[in-house]
Amino acid sequence: MTLLDFARGPAMQIAIIIFVVGIVWRLVGVWALRQKKDLSEARQKGAWVGGIKGLFVHAWPYKPFVPKVGAQYLVGYVIHLGLFIVLIFGTPHMLFFADIVGFTWWTLPGGVITAVAVVTTLALFIALVKRLVNPVQRMISNFDDYATWFVTTAPFVTGLMTTMNMWPHYETGLAIHLLSVWLLLIYFPFGKLMHSFWFVVSRYTTGSRFARRGGMA
Amino acid sequence: MSLKDIAVRLDSGPGPGSPETTGLAVALLREVADHLLTVSRGGDRQVVELTNLPLSDGDVQLLVEKLGRGEVEARISAAGPTEVFETAFPGVWWVKYLGEDDRVITQQLEIGTVPMILEAHQEDIQASARQFPSMFDELDPNQH
Amino acid sequence: MKEHDLTLGEELRRQGISRRSFMKFCAGVASSMAIPAAMVPAMADSLAQARRQSVIMMAYQECTGCLESLTRSFAPTVENLIFNFVSLDFQHTLQAAAGDQAIEAIETAMEENWGKYLLLVDGSIPLKDDGIYSVSHGQSHLDSLRELAEGAAAIVSIGTCASFGGVGAAKPNPTGAVGVDEIITDKPILNVPGCPPMPEVMTGVLTSFLAFGALPEVDRLKRPKAFFADTIHDRCYRRAFYDQGKFAYSFDDEGARKGWCLYPLGCKGPITHNACATLKFNQGVSWPIQSGHGCIGCSEPDFWDKEGFYKPLSAGQWGTAEGIAAAAAAGVALGAASAVMSRRNQDKISGGK
Amino acid sequence: MSDTTVTEIELDFESKRFSVRKPEERFDVQGDMTDDERVEKAMVNFAKDFGRVSATYMEACIHCGACAHACPFYEASGDPRHTPIWKLEPFKQAYKREAGPLAFMYKTLNLKPKVTVDELKEWQELLYDTCTMCGRCTLICPMSIDIATLVGMARHAMFHAGLVPHELYTVTAKAQKEGSPLGATPSVFEDRVEWMGDEHEVDMHIDEDQADVLVLMSSIEIQKYPESMAATAKILNHMGKSWTFRTDGYEATNFGMLSGNTGWQKDMSMKVISTAEKIGAKLVILPECGHAYQALRWQGANMYGKPLPFKVQHISEFLADAVDSGDLKLKTVNKSVAFHDPCQVSRRGGATPAPRKVLEALGVELKEAESGGNMNLCCGGGGGVITIHRADTLRYKIMANKFRQLDSTGAEMMVTSCSNCRQNFDESGEKLSWGKDMNSLLELVAENLVEDAKR
């Protein structure tokens, strides 16, 4: 069995299983905790509307905060959108998903994907440098933050190296790229990558809590 | 319904059979210019290999156009035919090695005084020098 | 045996073949092996000094497809120069002799050229049950190979079977078939994989063996780098479409008709090292991708067992829906268990208060 | 809980900030528990009220550090330790180790070490001195984490571990014992109500058996701004309401909540709730006090265990309703006004529009500060911070920012509706020579009643 066969076969299956088990475990583990009902009289009805609104209002900082954290948000968006574009609109990636969803979709030219990946990788490095240099971020960072950075950046770097044929052998490169993605999937449920789920839960929770009160969050 | 009823259209992209150029031709021309400079200063014969490159028809067309044709044209019959012509630039030769079945084995641009395939080689000259006198044996001695 | 004493140059002269013809042949080989054209004169000189080489070609667990392919370069072209020059002392399909006579021919060739002959092997060698699944003239091919290898100067494995086991070694590999280099470890071995291999590779390898007295430089799978350094994808004329994101998604769609990239249809070009894209088959007529079918990766080990020829390279094994459902169920169980533990802790705490 | 190591500190009547005097020697650790017991107590009391919501918040943080830039304390100090989420670090660690879904993993592999008593002691300053639970950090958080609520929960842990700052503990214990954190005992209250009645010639209703409206006061008002009582009485009388003060339930502040003792918080809330029930009140009016609104309006029912049988309104809400219904007619005040929103009433209470409605009725030109309203900068004195002398230096720095923000509006008059904010403005204003006064919205209304509008 070559490394590529391992990466495409058992490694992938193990990664997917850990990914699914971990995510469900963590979500259910929190969801199944007790929650006392808020007995105070609501100021207004339709807290859920506020919850839904909450999902979107925190997508960009409120005006007074833009000068302070706007750039940080921007870098965040580059990373997230880059990740999304490369993942969904890179042809090999689309074909990877097509295999399970059963249909194909429009993709972007390889050159565009490569450019997006390069920009995203740069943004990831900017984020890392900021984390290391900014006293606040450096203080509140722990192993998880750096591990998350690593498992997110690795697929970009290995993927770029594979498309640019920088490995001695393409198939080894492809295998390493796949393995780096499986590492991401395996780490996903146990670190802050889970924010891709928590952001919905947390924003909705705050949005709806403060919608019934009035005020702002 | 037979297979013939299925309409198949084959368009070709860049690559063999495509009228588009890939930029490779221009790069090759630059290489030739370099070699020409080397040879003009008394350097050795230089060869640019064309066969292994994914040249499109458009590329080949461009090369043919830009290089043009010069004074010499030759056809060599040795292990199948070989076609040679000098381009509009003296010292730049287009050499096409063909198999006995006329397929192209390899195509090269040679930069030098005479293409390798055209000149008579020392071994062959020696052999002919050895064999030449035997011609006299067959001739009538009276005529001497 | 006078013939054996002539150098190739002398032999050529005897046959009235001009140096010019020979130079042309060398230029052709150099081109196919990516040897710099500037080296052609030196290569020709050294080749002219070479003496007739004894070659023994053995067919083991094989289908004769490789031989079929090789004989395509035996056609009356410049390549036959080299094949005419080698002394093919044994090849049981091509020779007239059979049975005891054939065995005698091998033995004679071995004795006369001990330590000097080139051994060409075609087909895999079964190891299971002492190799009884492939036997000729009462001798297992395993024993035959060991015996012949001992006196060989070098071994060339022709085709994917001899190189990596090939179809014989495909799952479940009932005969325990392997390639030559898993049995013979103390001789220079060169693999010319492919199903079938490209005849030009054989020409190139023989020429280079004769000219330089050694096998050409090889990669980690013992394949001559001159032909196997690049992938099909690197040299593919459809590569531009891959870069542009233009693909064929089925064999009868717009993309397929326009000759776009076959990656989504399972083309293994990116992971397959071979020279098909530049040399093509059948005297340069065509090759699989030019005919509209993706590369199946036939010159790579275990290519039969790579999840099907039509599955895109980027596809993986998702596992079954049941497996994923079971994983989700396990997640629910773990999550619920941890929540129950937390709740119990809370009860204990507030009970204590 | 024993408090043998805590000594009572005298009240400080001279300062504009109404608190206890600066302790000569600090006793920031209460009780005589061992270190292990303290950690144990802290964890137990932190975990006790833990639910899905708090767990979600604990899980959601991505360590982006944005919250620092919304925090008045960090903005004033630039100290990374004042990053809001960092103030929860030991509790986040404890959550991951003890209560989260992956707790088992963290514990067996010891990935998150056990919290130590030294860490808790270190965090006392971060949880009490440098957080008013103003909730501005939630606004900037990309995950919308309600850090203020979590700080409240962390204070539960700290109180039970006996790790409350000396002054805050003193006033809290005083409140539990005497009914008021600042010496406004029932008899003091009664005296001062009568005094204000005489002084301002208003009818005071005290200890009526039945009334529709129960009016609460905070100790700060009783002791420092007694005119509030007169103003409230004047307005309610003017509107012809059936109302009363009650000596058995008048204190609006809830230091049980601020210090983190849920038991005491409940005691303090229940005193008011049962009084209101007893007199059949339909409405309880809260004075100009921010955290009182949080305690009764939003947490009262949860302390009570069922929905409250009466309505709870902040005085600004009551005034806004009265203005809206036409029960209250106001004279025009020809001034430009900047309004300082008390965090617990506006951003975290939801009553933001109420004072604006009242100011509109007063006909003033409202000059909104940059980042005002729901996004207002906290004055830095809430959440009990103003009582803690250790926090003074930083509080003045925050107030300097605050003054700049309000001054830049160019308004002639400063108004707020929280007496705790007000005393912070008064005291810091004196210290920093602000040269302006912070006015009470309630008093402004009372001064500008159109007397005969109703008759």
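Lettered A, B, C and D in written order, each chain numbered from 1.
To be clear about the criterion, a residue touches a chain if its C-beta (ideal position, glycine included) is under 8 Å from a C-beta of that chain, and two chains touch if they have at least 3 such contacts.
All values derive from a computational prediction rather than experimental measurement.
Between the chain pairs A-C and A-D, more C-beta pairs are in contact across A-D.
Centrality by C-alpha centroid: the chain sitting nearest the overall protein C-alpha mean is A.
When chain centres are set by their Cα atoms, the one at the greatest distance from chain B is D.
If each chain is reduced to the centroid of its CA atoms, chain A and chain C end up 43 Å from each other.
Each chain gets one centre point, the mean of its Cα atoms, and the points for chain A and chain D are 38 Å apart. In terms of their C-alpha centroids, the spacing between chain B and chain C amounts to 31 Å.
Chain B has its Cα centroid 58 Å from the Cα centroid of chain A. For chain A, the set of residues that touch two or more other chains comprises 25-26, 28-31, 33-34. Among the residues of chain C, those in touch with two or more other chains are 334-335, 338-339, 342, 346. Among the residues of chain B, none is in touch with two or more other chains. Chains that are in contact with each other form these pairs: A-C, A-D, B-C, C-D. Residues 231, 233-234, 242-245, 247, 249, 263-264, 270-271, 301-302, 305-307, 311-319, 323-324, 327-328, 330-332, 334-336, 338-340, 342-343, 346 of chain C are the ones touching chain A in the complex.
Taken in their complex, chain C has these residues touching chain B: 9, 13, 17-25, 27-28, 31-32, 34, 36-38, 40-41, 48, 75-78, 81, 235-241, 246, 252, 257-260, 277-278, 283-284.
Across the complex, chain C is touched by residues 6, 8-16, 22, 44-47, 49, 51-52, 54, 76, 78-80, 82, 97, 99-101, 103-106, 108, 116-117, 120-124, 127 of chain B.
Chain D contributes residues 44-45, 47-48, 50, 98-104 to its touches with chain C in the complex.
On the side of chain C, the complex with chain D involves touching residues 334-335, 338-339, 341-342, 345-346, 349-350, 352-353.
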